[in-house]
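These are the structures in question, set out in turn.
The two complexes that follow have chain A in common; it is paired with chain B in the first and with chain C in the second.
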Partner chain A sequence: MKATKKYQLSKLERDERRLGFLLLAPAALLLAAVVVYPIAELLTNSLYSFRLTRPGYRFIGLENFTFALFEDDRFLHSVLNTAILIGVTVPGALVVGLGLALLANQPFTVKWPVRLGLLLPWALPLVFAGLIFRWFFDYRQGFVNWLIELAGLTPPQWLSDPRLAFVALCVAIVWKSSSFMALILLAGLQTIPKSLYEAAEVDGASRFQQFVEITLPMLKPAIVVALIFRTITAIQTFDIPYAMTNGGPGTATETMAMYIHKTTIDFLDLGYGSALATLMFLISIAATSIYLRHTRRDTGRG
Partner chain B sequence: MSKHRAPFAAAALALPLAFAALPADAQQTNLRIFVGGQQRPDVMRKILDLYESRTPGVRVAVEVGGATSDQQQQYLNTVLTSRDAAIDVMLIDVIRPAQFAAAGWAEPLDSYLGSERDAVMARYLPAYREANIVNGKVIALPYFADAQFLYFRTDLLEKYKLQPPKTWEELASAAQTILKGENNPNLRGFSTAGAPIEGTVCTFLVPMWGAGGQFLNAQGKPDVGTAAGKKALQLWTDLKASGVTPANLAEIVTDRIRVDFQSGNLLFAMQWGYAWNRFQNDADSVVKGKTNVVPLPGFAGNQPATCIGGWQIAVSAFSKNKAAAVNLLKFLSSPEVSKMQAILASHLPVFAEVYQDPEVLKVNPWFQFARNVVVTGRSRPVSPDYPEVSEIIRTNINAFLAGTRNADQAIADMNTRLARVYR
Partner chain C sequence: MSDVVLKNVVKAYGTTPVIHGVDLHIASGEFCVFVGPSGCGKSTLLRMVAGLEGITDGEISIGGVRVNDLPPRERDIAMVFQDYALYPHKTVFENMAFGLRLRKRPDAEIRRSVGDAAQILQIDHLLDRKPGQLSGGQRQRVAMGRAIVRNPRAFLFDEPLSNLDAQLRSEMRVEINKLHKRLRNTVIYVTHDQVEAMTLADKIVVLSAGRIMQVGTPDEIYNRPAAKFVAGFTGSPPMNFMPCTVGEGGGTIILDGDIRLPVPAARRAVCAAHAGRRLEFGIRPEHVFAEAAGNDVAEVPAQVQLVEPLGSDTLGLLRIGPGEITGRFAPEAALATGSAIRAGIAMNKFHLFAPETGDAIRGPGW
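Let's look at the complex of A and B:
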C-alpha cells in the first residue's frame, strides 16, 4: 500500500489507464468466453463422474485420471499410437517439406506451377485427404494395389494389417502436412541474403557446403516454428486416421484424439472424456514449452 | 438470450418477420425430421407430401445425414446434448431407445397417447412394441422393421443344382463348389459386415445365438467366452481359410455388401431387408430377377437366429412443436404408411397384417416368410450404454477378422471391458 501511495497518478494518466482497460476489455472478455471458460469447464468436468447415459453428476476427485493412467490400456495404447505418428510424420514432413521449399525457391521463370503444387495439398480438407488415401490403399479397388498387381506381386491388405495401416497413415499425413512445412520454410529461405551465397562462392564453397553452412543455420528459426506447429497438430491427429481406418483393425491405429472423441461423442462419458482431454492438453503444453525453451536459448545466443 | 442483446436480435429479425407476417395463414407450423441416407429419404419425402396435403398448415422439412447408423447417432448426439430445438422428429435405430430414455432426449409419448396408449401399442409386432417401451414409458413408435437374411444368386444355385443352404456347413460347401466351377476371380462366396461398424456386432451375435449361446449369463452379466461364442469365431476362421469370405472381410461395411452383390460379385450375402429393393430396381443391378432370400443358416442341431433391426421415430424433448410432432408421428407409424414403405422401399412392416397385403406381396414375394423371421429375430443387448457395448464387440471382432487378435484374446478383451460397463 505504501509503495503505491508514494507515486500518485495524475488525472490524465488515470484517464488514460482507464481508457486502456476499456479498450482491452472486449478482447479480454472474448478470450475469457472462448478460451478460459471452456478450459475451466473441462478441468471441472474431469473431476466428476458425468455420464449422460446415467443419472447424476458426482465429484470423484482424480479417479478419472488414475483410471486413464494406470488401468485403461486402450488410452495408453492410443498415446503410443499418437507418439508413433508424431515420431514418423513430423520429421518426415520436415524432410519432404524442406525439399519442396528448396525446389520452390529455385529461380524458375514461371513460379506459379510449383507454388500451386505446394498449396493444393494444404488447401484440401483433412477428411478429404483421408478419404482419397483410403481409396488409394483400398484392397480391391485401390491404386497402390493395382500397381502392385501390375508388378506381378501379391497385393497386401493395407488397412487391415496394423503395421501396413501405419505406413498408409504416415504416407497420407506426410503428403498432407509437408506442404504447410514447405510454406513456412520457403518464407524462411527468402529472408536469407543472397550476398552470403555470393561470398561463399567466391571462397570456393560447394553447393552442399553452402547448404550445410548457410542455408540450414539461417533457416533454423523457421524450422523450429514449423516443427512447433506440426507437432501440436500431430498430437491432435484425428481426421486422416478417422477417415482411413477409423482406428482399425480393432483399435490398432486409434489416436488420442480419436479415443477422446469416442468417449465423449459416442459413449457420452463427458467426465472421463474431459479427463482424457486434459491429459492431451498437458502433453501439448509440455511439447510446446520444450520447443519454446529451445528457441529462447537460441535467440539469446544469437 | 440475455436482455441487453434483445434490441440487436429484434433488429436482425425484423426484416424476415415482416415478410413472414404477410401470408394470411399465421398458423403455419414448420417441422423438421432427421433421416439417415440409408432409410430412403426420397420415400420419406413422398410420405410427407401426402401428410402435408392432408394436414393444412403443417410443413415438414427433411434433413438427411449420416451414411451409417453410427454417423447418424453422432450427429444426433451433438444436436441433442446441446439441447438444440432445430430437429423436431428423428429416426432412431432399434438399439437406441434405452439410451434416449436415459439421456432424456425423447419426449415420452404416454400423455399424448392418453387412454389409447395400450391399444396403439398392441397393434405392433411384439419385438417392436417392447423395443420402444423403456421403464414403462413409450419412448418412440416403430417406423419400419428389419432383420438380416441370407441373399443368394438363384441362377448360380440352379446351375449347380444346389438348394439354398440351411446350415453354415451347407453354405460353405455350396460356395466352394460354385467358386470352383465358375473360376471367376471377382466372385466371392459369402460376405457380411466386418469393419468396425454397428453391423459387425451382428456378425458375431448371429452365429453365437445360432449355436445356442446367450449374451448375458444366468447372473445377468455379459459373457461371450462360452462354447457358442468360440464356435461363432471359429465359423469365420473356417470360412476365411476355405476362401469363401473375401480376404478383406475386416474392411467390409454394410452397404459395400449390397454393392458387391448388385454388381454380380457375390454369391451369398448376410444383409438387411433394405437391399432387396435395390437389387430389383437399381439401374446398375445385374442381379435383377436372379436373387432370392431365405432365413440365415444355423448350425446343424440348433435353431438359426437373426438380429432384428429397424427404425423408430421419436419426438425430440427440445422440440418447440411437440403436439404437431406427435401427430406426425402417429401418421408415420400407421399401417397405411407401413404399406407405402413396403411397396416403395421394401421396408419390412411393423404390423402383422401388412405382411399379408396382396399389393405388398406382389412387390415383395419374400415377405411371406419374412414375418416369421422378424418375429423370431433377437434383439441386440438392451442398455443405456449400448454405444459402448457395441463398440467393444465390433472393435474386437474387427481385430479378430483382420487377424491381429486371436479368438482367445478377442473374447478376453470383450469380457473384461463388457464387465466394466455392466458393473
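Let's look at the complex of A and C:
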C-alpha cells in the first residue's frame, strides 16, 4: 500500500465521496446522540459532586475516583465479586457450551429438539432466568432441596448463605450463558471440514486425539470470540444476581453493575455513580483490548 | 502380502443399494484405478476399503486380514483426499509426522522418515510452512508425503488431482507414476478422468451405477471394451456409435442410409451368427480415415461438417448417411468444411454391441 501514489481525484470521484458522506451522516448523527453524548455526559458527571438528595453541582476533580479506588470497601468488594463470577462462569460456560456444541454437532436424525434445547436458555430474558433459579434453589419449595431431601440429607439455605449463594449464582449464570457459547462454538465446529477427521482417523487418531489435535486448534478462533463476548457481558453482570439474591445476603453477592445501579437509582448519587460506571467502562475496554491483541497476533501468523 | 480382496461387497443406504455385490482382487503392488462417471460408486467403494464407510454385506480383506469390522486406523492404509485434508494448524513437517507420532515412533525415526519422503517429493524446503502458505501442487505433494511416510499396506487416492489445473495435473500424474514404480505399494486410485486411468493403471475397474462393468488392463479396456458403456467412457473423443444391421452371411454391415461396409474374412463367422439383427456399430475416431486406402478399409461417402485442428492432429465431424461420426486425422489432412470426401473406416477395428444390454459382441482376437 505504501507504493500507491497519491493521485488527484476526478470530479466524479469527488462527487461520489461527497454523496458517501451525506449518506453516512444520519447514522453518524444518531450514533453521536445515543452513544457519544451519553458517554461525554457520564465522563463530565463523574468529575462533579452531584447528588439529587443534596442541592448543588460542584466540580471536585478526581475525588469520586480516589474515593472509589481507595476508600469505598463496598465498591472494591463488588469488583471482587464480579471478578469471581467472571473467573468461574466464563470458563464454566466455555466448558459446558463446548460440550453442548459437540452434542448438537452429532448427526441426529431429528435436529430441531437439540437446536431448540440450545436456543431456549439463550432466548429467555435474564431476569426470567434469575427468577427460575431463585425458585430452583428455594429453601422450602426448591427443586434442588427436594432432591437433597430425597437423598436423605439436610437441605442448606442456598440463597441466605454467602458462599452457597455464590454457587447458586454461578450455576444459574453458567446455565444461561453456556447456550450462547454453544451457538458460537457450534458455528465454528461446522466450518471444520469432515475430511480432516477422516484423514486423522486414517492416520490413526482416536476420538479423543481427534478432539485434541483437530477440533480444539481448529476451534480456537471461535473460542476466543466466544470468550471475548462472554467476558464483556460478564463484567456487566446484573440481572441474574438482582433477581436471585439482590446482592444479598447483605452485600455478599453484589456485583459492580448492581452497586452502580444502587448508587445512582437508590442513593441518587449521580456524580459518584458516573465515576463508578466510568471505571467499569475502562475495565471493559481493557478486557476487550487484551483479547483483540491476542486475536490479531493469532491471525497474523496465518 | 498386501493384496486387497473384495468379495460380494454391498452397500446400501437404508433400502437404497448403491454398490451391488462387487467382487475384485487387487494384487500386491498393483496400481488399480476405479473409474466411472459421478455417482457410479467409485468413491464409496474406496471409502469402504478405507473403513470410512460401513459395509452392508460381503467381505473386504487387506493383506489376508478381514477388515470389515476394523476402524481405518487398524487397516494399515493411507489415504490422499480430494481436498488434501491437510491439518491447517500444523506445519508441513507435523502434517507428515502426525501418523507416526500417533504410533509413538521415536523422534529420530520420524525425522528420518519425513525427511526421506520430503526429499522424494521435493518438498524438503517447505517443511516449516503451514498448508495455507502452499500452492495447490505443493499441498498435493504434502498430502502424498503424509501417506508415504507411514509405509502402509495400501495407498488409497480419492480423485487426488481433480483440484489442480490441467498442466499441474499432468505433471503430478507423472510424479505419482514414478512414485509407484519406486515404492511398489498397492494403490487404489479413484478418478473420473480416463486419461489418468489409462496412464497410471496396471488394472482399471470401470464402474457404473454401483456395478463393475469391466476389469482389465488399460489395453483391454481400450481395445476390447466389454460393453458399450466402457467403450463410450474411454478415449477422447469417445468411440462413435451408429445403429446397423448385419447383412446376410455376415459379409457386410449395413449402416442406416444403406451404407454397406464389407466385413473382413476373419470376422465374418461371428457376424454371420447375428445376420439380420439390429446392432450398435462402434468405431474409434482414430480408425476413421480421411481417405480410403489400405487393407480392410471400407470406403464411405462423407461430408465434412466441422474441422477442429488440435495441432498434433485434427478432429473432423463427418456426416455419413443420416449419422455423424468423429474422425481423428493427421494434421496435414486437407479437410474443408462442407466438402465431400471418400472417408475410410478400418473394418478390422470395429466393435459391435447388442443394443438391449450394451454387451459387446466379439470373436476371439478382436
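Everything below uses one rule, namely that the second predicted complex is superposed on the first by the 292 of 302 C-alpha atoms of A that agree within 3 Å, B and C clash if a C-alpha of one lies under 4 Å from a C-alpha of the other, contacts with A are read in each partner's own complex, and residues count from 1 in each chain.
The criterion applied here is as follows: contacts are C-beta pairs under 8 Å (C-beta built on N, C-alpha and C of every residue); 3 or more make two chains touch, one makes a residue touch a chain.
Predicted, not measured: the structure shown is a model, and the values here were computed from it.
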I'd like to know which partner A:Tyr57 touches here: chain B for first, chain C for second, both or neither.
neither
First, second, both or neither for A:Phe108, with chain B first and chain C second: neither
Q: Mind working out whether A:Phe21 is in touch with chain B, chain C, both or neither, as first, second, both or neither?
A: neither
Given the touch rule stated above, what does A:Ser160 touch, chain B (first), chain C (second), both, or neither?
first
Query raised in the report: Looking at the overlay, does A:Asn246 come into contact with chain B only (first), chain C only (second), both, or neither?
Result: first
Of the two partners chain B and chain C, more of chain A gets touched by chain B
Notebook entry, point to check: First (chain B), second (chain C), both or neither: which does A:Pro217 touch?
Noted result: second
If we overlay the two complexes on their shared chain A, which of chain B and chain C does A:Tyr139 touch? Say first, second, both or neither. first
### Query
So, A:Phe128: does it touch chain B (first), chain C (second), both, or neither?
neither
Chain A positions within both the chain B interface and the chain C interface are none
The residues of chain A that touch chain B in their complex are 52-55, 138-140, 157, 159-162, 246-252, 262, 265-269
In the complex, the residues of chain C that touch chain A are 50-52, 71-73, 77-79, 81-83, 85-89, 98-99, 102-103, 130, 132-133, 146, 150
Chain A contacts chain C in the complex at 193, 195-196, 198-206, 209, 213-214, 217-218, 220, 302
Per the touch rule, the chain B residues reaching chain A in their complex are 70, 73-74, 77-78, 81, 99, 102-103, 195-196, 246-248, 250-251, 384-385, 387-388, 391, 395-396, 398-405
